[in-house]
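Structures are listed in the sections that come next.
Below, subunit A partners subunit B and then partners subunit C, in two separate complexes.
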Partner chain A sequence: MLGTSVTWGDITFMMTGAGLTLAITFWAMLGGTLAGVVFGLIRAQSPWYVNYSMGTVLDVLRSVPLLIQFILFNSFQSILGWGMNPFVVGCVVLAAYTSAFCTEIVRGGILAVPITTRRAARSLGMNYWQDMTYIVLPLGTRVMLPSWIGLTLGVMKDTALVYAIGVIELLRSSQIIITRKPHEALVILAIAGLIYFLVSFPVSRLGAHLEKKWREND
Partner chain B sequence: MFDINYTFHWNQAFRALPQMLDGALITLQIAVLSMIIGIVLGVALAVAKEARLAPLRWFAVTWIEVARNTPALFQVYMIYFGIPAVLQLVAGAFGINFRAMGINIFYLDSYWAVLVGIAFNNAGYLAETFRGGLRAVPPTQTRAARSLGFGAFAAFRLIVLPQMFRAVFHPMTNQMVWAILMTSIGIFVGLNTDLTGVTQELNARTFRTFEFFALAAAIYYVIAKIVTGGARLIAWRLFRY
Partner chain C sequence: MIEIENVRKSFGNLEVIKGVSMNVARGEVVSVIGGSGSGKSTMLMCINGLEPIDSGRILVDGVEVHAKGTDLNKLRTNIGIVFQQWNAFPHLTVLENTTLALRKVLGKSRAEADEIAIKQLEHVGLGDKLKVYPSKLSGGQQQRMAIARALSMSPKYMLFDEVTSALDPQLVGEVLDTMRLLASEGMTMIVVTHEMAFAREVSNRVAFFKDGLIHEIGSPKQIFETPERPETAAFLKSVL
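For the complex of A and B:
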């Protein structure tokens, strides 16, 4: 193919890896977003001591390299004898990491809704959950969604690090092929990079577009 | 669920602390150098993206989009495996056989691969940050400077840039922390002198994975906190009116 010794079999192998990359991204985003929404809600409206201690714990997740978190949790679960498979370990760690960022996004989104608007809702007779769903959610989404899309892309790129615990995702699979065909390193890496780019670029454009469109409406 | 059949040996990890702190110094060194290169290139890219010359614009856009839409690990790989491959192709095209001459240009040291890769990544992210910062500087500032007799370059350097740096100082601090955390991927190209690399070497010798990496995590955390705290202090000193 392309006048090189890269075969269709290699491409299929990399595509399988790409599928795994997307699967890990999906599960990590699902878990991370659910936890992030809960934590964000708590952080936005709890007394300072809850807010502060929660912030510290989540800050640790953001200040330690993800790679080290993968290795640490992986060895921790084997010390406890849980015998989780690497894919699950990858998803769990990445979800925890995602939740730390998602918490800040949700908190920022809630705090971006003017308190006067929320008081107006409450004085119209809405209860807390009505205020949350009809007032805070639509207004906060404009602030949150662009950052959330950015976070998703960040997580997708960070899945490359599950390499460390032995999940054969896109970058690892290209690395395996390179080990076999070192003289084709450039071609193989270019294909891997192109796959990442083709997934990431359109989504990042969409995020930028939404951000611009919603800012004009303000 | 929590029956631990394992004895923690923290002493072993603490005994290796000096070695790991030496590694932390290398980590910091890579991060700082990559940030300096990234800031210089980032300003150039931010300006180039608004340039009137189309090829210059395309070059900047390509750099920024590749840096932002692919994993940092991919970029480091591209440098580590790619640059030697390109050199080989170029040399082959000119009919030069370096290997026969006994010069090995086809091998890139992992330290340099990580440094260049992270600098490339930093430049792409910082360029976008700087572009936002440049937009925050009112154009009247440039016009005022020009009407006072500043040249175009002097006005940019002395009037626009300082104001831009004030606007982007906080995102730049974040990028610095990112750069520190990113250096840990050096382990994938065989870097064994930075904090993660040293930890991995110790781990390979003792199999005390959890203890060593927990200590490394603590060191990374402390470094990140010192950097953000230091940056806050610098911002307070520099940017008060």
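For the complex of A and C:
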């Protein structure tokens, strides 16, 4: 194929890796976003001591390199005999890492909704949760979306680090092929890059589309 | 009836309301005039519990607003408020802005809510803007939408907080007309305003606020023609 020794078998192997990359991204974003919304809501209105202690934990998650988090968590869970498989470990660690970033995105989005708009909602008899559900989160989402899309794309690339705990995702599968066919390294990396791009592109287009749609009403 | 009894309220070290008492009977229109920072707007926020108070009490139809256990959300459905910065919900159409609380707070069906909202929107002259987003409306139209949104909850009282202050001069008239209409229909209203002609024409009583106190309250004729307090006279002289 393409005058190279890269075979369809290699491509299939890489696609399997790409599937894992997507699966880990999906679970990490799902878990991280749900937790991020909850933590963000808490952080947006908690007294300073709650905020401070939460902020410290989230800062640790944000600042310790992901690679170290994967290896540490994997070792701990194995020492404690939890018996989690590497895929689950990857999803859990990445979800926690994502939640730390997502919390700040959500907090920023909530605080961006003017207090006067929220007062108007409350003045109509809406309770706190109605205000949150129908006013604050829809409006805040517009502020959060660009950062959230950026986070998703970042997390997708960060999944590559799960190779450290033995998960063979897209980048790792490419490296395995390269080990066997070192002279094809450039072709294989180009294919891997293309796959990353093809997956990321729709996500960023979706983000741009939503932004444009919302802006039309503003 | 709204009964305000010796209410005090501070923001930090700054006392903005220093013992205000006032009653507003059903069907009455009371205008509140006075300079900026005199505590007028804060007073309105206290009446529907958007701001807590430090002492004194406020009763609305006998219910103490700031008592523990008072269901503020329920109380607020009886007290409509319109703000200086109209505060439209920008992600919802005019109709959705007006039906949201009807459906979610009062539990009306979509059809019922639409019917009520359309009636109110037509009442304020926005019957042709139902599907439009607030960003496409002028300030005056947004303010009228805010009035319709508050009215759709069928409140017994309406509070207006300098609702024309942020509008271009040519848009002030349409909003005042809407308020005149409401007053003529017998709505109980407390109107914080800088529109002296409006206060004079529409109100049953006018209260003059200064430095967190009501210095004088009386009929428009008395306040505007024969003010008893020198502060009132000085204020009116500065604005008329």
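As a working rule, the second predicted complex is superposed on the first by the 204 of 218 C-alpha atoms of A that agree within 3 Å, B and C clash if a C-alpha of one lies under 4 Å from a C-alpha of the other, contacts with A are read in each partner's own complex, and residues count from 1 in each chain.
Just so we're on the same page, a residue touches a chain if its C-beta (ideal position, glycine included) is under 8 Å from a C-beta of that chain, and two chains touch if they have at least 3 such contacts.
Because the structure is a prediction, the values reported are computed rather than measured.
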Aligned on subunit A, subunit B and subunit C: do they clash or fit?
fit
Which of subunit B and subunit C A:L34 touches, first, second, both or neither:
neither
Which angle, as a multiple of 10 degrees, do subunit B and subunit C span at the CA centre of subunit A?
110
Is A:P138 touching the first partner subunit B, the second partner subunit C, both, or neither of them?
second
Based on the superposed arrangement, let me know which partner A:A120 touches: subunit B (first), subunit C (second), both, or neither?
second
In the superposed arrangement, which partner chain does A:A112 touch: subunit B (first), subunit C (second), both, or neither?
neither
Subunit B versus subunit C as contact partner of A:V50, first or second or both or neither
neither
Who wins on subunit A residues touched, subunit B or subunit C?
B
Output check: A:A208 vs subunit B and subunit C. Expected answer is one of first, second, both, neither. What do you get?
neither
Smallest Cα to Cα distance in angstrom from subunit B to subunit C after superposition equals 25
Can you list the residues of subunit A that touch subunit B in one structure and subunit C in the other?
none
Mind pulling up the subunit B residues that touch subunit A in the complex?
1-6, 65-66, 68-74, 77-78, 81-82, 85-86, 177, 181-182, 184-185, 187-188, 196, 209-210, 213-214, 216-217, 220-221, 224-225
Can you list the residues on subunit A that touch subunit C in the complex?
114, 116-117, 119-127, 130, 134-135, 138-139, 142, 214, 217-218
Enumerate the contact residues on subunit A facing subunit B in the complex.
60, 63-69, 71-72, 75-76, 79-82, 153, 157-161, 163-164, 171, 175, 178, 183, 185-186, 189, 192-193, 196-197, 200-201, 204
Listed in rising order, the residues of subunit C that touch subunit A in the complex are 45, 48, 50, 73-74, 76-77, 79-81, 83, 85, 87, 89-91, 100-101, 104-106, 133, 135, 146, 149-150, 153
